[in-house]
Amino acid sequence: MFRKVSFDLKAGDVLFVTGTNGSGKSSLLRMLAGFLSIHSGAILWQDKDMSDDRVSYQRNIHYIGHLDAIKQELTVHEMLDYWRTLQGLTSVPAYHRHDPFGIMSLYDKPVRYLSAGQKRRLTLSRLLCSDSLLWLLDEPTTALDHHGQKILSDCINEHRAKGGMAILATHYDLDLEGALRFDMNGQRP
Amino acid sequence: MQIITRYFLNPGRFLQLAKYLQPICAATCFVCFSYGLYLAIWNSPPDYQQGETVRIMYIHVPAAWVGIMIYTAMAIAAGIGLVSRLAMTDIFCVAAAPVGAVLVGLCLITGSIWGRPTWGAWWVWDARLTSVLILFLLYCGYIVLRSSFDDHDRGSRAGAILLIVGVVNIPIVRFSVDWWHTLHQPASVLRSSGSAIAPEMLKPLLVMALAYCFYAAFVVLMRMRAVLLARRIEVAIMQDTGL
Amino acid sequence: MRCFFRLLCYDFRIQTRNRAEWSSLILFFTIVILLLPFTLGPEPELLRRLAPGLIWLAAILMSLLSLDRLFIQDARDGSLDVMMLSILPLPVVVLSKMLAQCGMMLAALFTMLIPASFLLGLDSALLPVLALTLLLGVPTLVFLGGVMGAITVTLHRNASLLTVLLVPFYIPIMIFATGACDAAAMGASIQSNLLLLGAILSLVLPSAPFVIASGLRQG
């Protein structure tokens, strides 16, 4: 797949992973999420190898891939509640108080009637359903309009301010100051 | 144990070892088959009830034994492979599956041929026959499953789970004749109260069983070499195209 | 624990709202039952004797169809990733999904049981026995289907692959279930067959979620 990939992230960092199609951006993110096995090398989380205790490592990350993991049969608020149940949260939902993506206006709409952009906003709202430290976002700006991209940047900045980290694989440049960059095309054997 | 670790788990050494072992297995198999068939056809007594048709037993029974042994070996290898992630266990399973399937198929066919004059039916749905048929279907399922995967790692893990879930069938095959009233003959060789079969019949049976074992070893070694080399070629092709 | 029940409610909700899928499965079951008298001949005596086995056959075919889509839908829309990253242990999430699928299967089968028994002329005395065998057997079918579905989730679905993998495991269940019905028809004791069905269920139910979770993680 690819070789000689190496970087360090600290609290408050954002990393942009760029590269042409097929350079392995999605595979890298899936490896960091623990979905793909690594043949050589290691992922260290707080100085411990991730593969020693994959399950507790995965509790610290949030992964959003190309696909919107939404169920056609539920409504918007049911979908959010489902995700929150998967995260083990049963208290008052945070998005009632703080809804940056503006999906609460679609509260009762069945998910199948949303447009692609609205579905993407719903998927990104999942980020607010848990307190994960590391966000792994694969092409998060797909189907988002300009306003939506601005909201995403604000969310990521808020997350960084709280000490979180984010790794984005994207073709679009989001407006994030102090972002590190990593180009997959430099790494091909 | 050391020998296994050194020779069977290292692909390079295994290829060297297999090159020597294969002709030995083939020769021993040929010798055993010749002697076994000679004993079975000329030197063993006909059954007092079944007459000459009992001679099918010398083909049917050892095929069943070795077929079941191969599945058990595959299940054990699969378990080891899941825990330790050794590639050779997967290569063994992939190589041995068709051999086991053929032997169990042979057992079913010869059993059916034997059943016709003895029981009057080509097939009966009793516990022993059904559980052996399930074993055959498990083999076929494993072969089909493994061939659907392009990624060998994923395929080996999926196949290992199938083999381990299916290992429940093995005790059922062995003990089905004891637990249920079946038309099939109850266990007469490996019993806690000692073997119930005449020694003149036991000897050809055991020689044939040995012959089947060496046959299986020969073919499995050959297939393991082929699978190993095919995978090396795949890796070379993938590296060549820059993937 | 509360999370598990909420998750279960949502999984049920997802299943029940998927009306198109379940209506087509129920329709499939009905068509199989309708076609059988045409293939076997309309003699009522023959159909009455074979009725429990035929209903079980239709149930197995229906479950093979429904299990095909068990995890594939989640893999296709990306929900599998969310499930694997959840705080709740993966076996728990899987158990909830399986139970929801079981519940819907049983609901669909019990709805169709009475019309099917009319069409095939099943003895009404056998109906409780048949229902009991379905109650014990269908969860086993679903959980085993889940195991095979989990290990093949990354493959481009070949319709017959799951069938080939599941048939060796479904055969014993069918044997014991129809054995219980036949014993009841002859007035003999149904205890041994039902106990065997129960034993298989008690073996499969606790272990399947863990096997499924490990299969999903490996893939």
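By written order: A, B and C. Residues from 1 in each chain.
Criterion: a residue touches a chain if its C-beta (ideal position, glycine included) is under 8 Å from a C-beta of that chain, and two chains touch if they have at least 3 such contacts.
The shown structure was predicted, so the numbers you read here are calculated from the model rather than taken from an experiment.
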* Structure fact -> Of all chains shown, smallest offset between own Cα centre and global Cα centre goes to C
* Specify the chain most distant from chain A by Cα centroid. => B
* Inter-centroid spacing, chain C versus chain A (mean Cα positions, whole Å) -> 36
* Structure fact -> Per the C-alpha centroid definition, the whole-Å distance linking chain A and chain B comes out as 49
* Asked: At what distance in angstrom does the C-alpha mean of chain C lie from that of chain B?
  -> 32
* **Interfacial residue positions of chain A with respect to chain C in the complex** => 33, 35, 55, 58-59, 61-63, 65-71, 73-74, 78, 81-83, 85-88, 90, 126, 130
* Please give the residue numbers of chain C that touch chain A in the complex, ascending. => 2-3, 6-7, 10, 13-14, 17-18, 76-89, 93
* Structure fact -> Residue positions on chain C within touch of chain B in the complex are 144, 147-148, 151-152, 154-155, 158, 161, 164-165, 167-169, 171-172, 175, 211, 214-215, 218-219
* **chain C contact footprint on chain B (complex, rising order)** => 130, 133-135, 137-138, 140-141, 144-145, 148-149, 151, 154, 157-158, 161-162, 165-166, 169, 172
